[in-house]
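There are two complexes below, and they share chain A, which is joined by chain B in the first and by chain C in the second.
== the complex of A and B ==
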């Protein structure tokens, strides 16, 4: 392979890996938006809470990675339901903007709760680090492949849940038309709680996946939230497959831009993508249908 | 009898009034013979610098106490007024205004954060008040301060040059610099590139990366394409922690070099051992082998005073010596004389008290401080200082040398 093609292939591989991990919290954001109709920026602190729940399971309780990931999902999910019930639900009647701003305040408060408990120091999971596998001149990290596997399995489980279970169908119904769903006897409050649990659980899982590859601290989620938001918007806020497409677009786009640009412009790419997509397709790549 | 007594007391009254009148018209220096010289101490007692400020204050006061015990400066005791910058430029400006306008201090010692020093410096040079600082930003000594500012902290330019010298001394021939996007990044890369060839090494490339990324695999690929045997990690802890992992995964086996604020023991603890093994760490250091450092240890009752306590010791000593040399307790006097007592061919002295004795004998002196040689260029930067080098072995930061 000519060197330039090798380089492009390597960048695409890196981008797919980064994008898949981004996709997990992006699905969380978009699911919450689809049902509750506001962008929940508290996702950032829930990603951090998930990362720390997983850290407690992995380092303090000595569990292997896979059960720890479950802890991350549960920890963030439960905190998500609690904070939505106690804080954000009261703001929803006041409208979209008010609730979104309240979620920013909430995320800063929660981030500081984590800081109060764990301090500002960087922490790492108890994981052996492995050298990358090499396929010809392309290299792939074993940890990233595992993360990719966890992300894909989670997404598959979510799709199956939404497609085939009664509760999943109820969630889609509320997302499509809350009034009609109410007439049909679906309790919007219960669905709201479930959505907060699943959405924030996915955020927590995403936070832990980021942490597995790097280190964690109270700002782990905050650092990722802009890219997650970009992914959800590019794919079409409210569309779950859109979040996956958006995350891959942002992930691969940020990597491929390195062919032309210095790495310090990488973050700009996600936002140029938002501008382009919203100009050409105002509802995002896949529109806003939830599923 | 009564009349004579009255006359006598009237005479005494006239004598007394005359003496008073004489005192009133006497030159200020005679009148103020016993009045102390009041200097301003302006350190961060709270905020981000709250850990360093109080220790700097103590180090300065100990020097002044020693000087006062030995008879003071120009026959006057040194007195201090302490104020808090709160590590906040706005609070610092208010405090500096008070020190200058109300306390009429000729010198302010101790500003710590670069933003604070940048805000306080113009008040000082406008009022001809001498300012001693530990702020490191290159821009500070480039301000139009007319000489009313010195700093004992190595600036970025000096640090990068010494880093390059050390990197070359490890035997590295091909150096790559990975910097985070920050004001210091490009100047550091430029300086390293300039200095390495003087020591038989070269910079094969550099890149500036974006902060807050979850992976730096592609950046690492770019770096490894140049086939380096040393990578200078010029970032902050969260990103360097990711970069060193990605370097390990990519199979990089060469050396790595970074700063002490990036690789603290806690960061090392958060990373797998094989990832951190062999990383070189640098930080500016006090001159731990100098007699001045030994004196500072004794004076402060500490085993190892840090670079801030040493810097504070040196400012206090320098202003005492400069005022004596100038024969006046003014900011302009300090500005014009600080280099006459801190560098040049005079007899080397390691404490303010020893220097004052020699100055009293009319001798020339060269103060060598606890923080370093305290030789300043025309814009107030130190010409040289020591650096402390360590290396990570089996997850522990181990001291290598100070040079």
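== the complex of A and C ==
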């Protein structure tokens, strides 16, 4: 293969892997949006909390990556339910703008709780050192493949949960039509708590997966938030398949831009993607009306 | 100490100008803007670069800064004006972050994360630092006073009335024959200009700007200022800005009294306190200290 094609192939592979990982928090965001109907910016701090919960399990308790990921999900999910119950829930009757602003304040508050406990230092997970695998001229890290596997397994579990369990169906019903769901005796409060748990849990898991590739610090979640929102908006806010498609698009797009942009601009690519989609197709690839 | 108080006064004036700008966009027109720090940054960078690299005079640099921020505001508004508010929230937040990313990375232009230093201040060097601070306070105060008068005029003028109508019910305003989109774009242009001007004021005062300054926390401060004072109310915007600067600065004195914490922990505690304050304000007193007073039109006796 000519070198430029190899480079492109490598970037696409990287992009698909990054996009699959990005899909996890993007699904979290879009699920919360679908049921509770506001853009929850507190996702950023929950991704950070997940990354640090996983860090505690992995480094302090000495657990391998797989069980640590579960800690990330649980830690962020529990904090998500608690803060939604204590803070955000009270704002929802006042409208989505007030709730969104409150969620920004919440994310800064939680970020600083993490900073208070852990400081601003960069921290790395305890990972076995492994040589990259090579397929022809394409290189893939074993850890990346494991992350990819975790992300795909998580999404598969979520799809099965939403498609086949009673609770999952109840969640979809509330997302679809809260009034009708209420008439059928579905308790919107319970579903709301569940959605906060699952959504923020996914954010936390995503935060840890992102951190596994690099290092973590209190701003881990915030740095990722633009890409996460881009993924959800590009795919169509409120649509779970949309979040996956959007995340893959943003992931591959961010990598391909490396052909002609310095890597530092990577996260601005997400914003450009948001602008393009909102200008050309405001509802996103698979979403509903945006206005 | 006097110098410190004067510096806080200048901060309060800059915050007040930002709050006035935000009030046009959010308070009057009802459009959420979570990226106001982006417009602030555009104003600061444009004036810094044009005075340093192009050698334009300070007043012209500030005007350019305000103008550039206004133009960017028009661009953001045009893209988002058809969209629902939640998308506007995402776009404006993303906009501010993108500005910060560009400012951190376009090293040839903005000197990256090192920032730009040595931005000229009016008469700086010619007079003593104390006099400079005092003079700048006077200048910032005068600008806020003018902006306040203009904002008040705008609020009660037919233009402001239409904006408030759009905020309360877009469809009704449209049915009454108002071009909703045009009004929204204009509101964004005016508000963003004030935000850009406050950024320019900041740059020429501190003589140093860097991407670190333009973080979402600053957006939150201004939101908090406007909420404290009362959304939709210019008097509240100015009052709120002074209250917030006072609160922010008093935490600076209180935090060191907390025993057994490091500097990082102190800083974290301070931001935590401010975020918590915003949540409490938003929850228990969303109308602010000086709520917007809406005109009450008595129903004529004949119509009863």
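Definition applied: the second predicted complex is superposed on the first by the 281 of 291 C-alpha atoms of A that agree within 3 Å, B and C clash if a C-alpha of one lies under 4 Å from a C-alpha of the other, contacts with A are read in each partner's own complex, and residues count from 1 in each chain.
Criterion: contacts are C-beta pairs under 8 Å (C-beta built on N, C-alpha and C of every residue); 3 or more make two chains touch, one makes a residue touch a chain.
The structure displayed is predicted, hence computed values, not measured ones.
Q: After the chain A overlay, clash or fit between chain B and chain C?
A: Overlaying the two complexes on chain A (C-alpha atoms) leaves chain C and chain B clashing.
Q: Based on the superposed arrangement, let me know which partner A:215 touches: chain B (first), chain C (second), both, or neither?
A: After superposing on A, A:215 lies in contact with chain B but is clear of chain C.
Q: Name the contact category of A:112: first (chain B only), second (chain C only), both, or neither.
A: Only chain C; A:112 stays clear of chain B.
Q: Between chain B (first) and chain C (second), which, if any, makes contact with A:39: first, second, both or neither?
A: The answer is second: A:39 touches chain C but not chain B.
Q: What is the contact status of A:128 with respect to chain B (first) and chain C (second): first, second, both, or neither?
A: In the superposition, A:128 touches chain B alone.
Q: Where does A:279 make contact in the superposed view: on chain B (first), on chain C (second), on both, or on neither?
A: Touch status of A:279: second partner only.
Q: Quick check for you: in the superposed arrangement, does A:90 touch first (chain B), second (chain C), both or neither?
A: A:90 contacts chain C only, not chain B.
Q: Can you tell me whether chain B or chain C touches more residues on chain A?
A: After superposition, C is the partner touching more of chain A.
Q: Considering only the touch criterion stated at the top, classify A:255 as touching first (chain B), second (chain C), both, or neither.
A: A:255: touches chain B, not chain C.
Q: Can A:100 be said to touch chain B (first), chain C (second), both, or neither?
A: second
Q: Just which bits of chain A does chain B share with chain C as contact spots?
A: Overlap of chain B and chain C footprints on chain A: residues 262, 264-265, 267.
Q: Looking at the complex, which residues from chain A come into contact with chain C?
A: Within the complex, chain A touches chain C at residues 33, 38-39, 41, 87, 90-91, 94, 96-98, 100-102, 104-106, 108-109, 111-113, 115-116, 119-120, 226, 229-230, 233, 237, 262, 264-265, 267-268, 270-272, 274-275, 278-279, 282, 290-291.
Q: Using the touch definition up top, name the residues of chain A that touch chain B in the complex.
A: 7, 10-11, 14, 17-18, 21, 121-124, 127-132, 139, 141, 143, 210, 213-215, 217, 219, 223-224, 255, 258, 262-267
Q: If we count contacts the way the header does, which residues on chain C are in touch with chain A in the complex?
A: 32, 34, 79-80, 82-87, 89-91, 93-95, 97-98, 101-102, 104-105, 216-217, 219-220, 223, 261-262, 264-265, 267-269, 271-272, 274-276, 278-279, 282-283, 286
Q: For a test of understanding, state which residues of chain B touch chain A in their complex under the given definition.
A: 181, 207-215, 217-219, 221-222, 237-238, 241-242, 245, 248-251, 266-267, 270-272, 274-275
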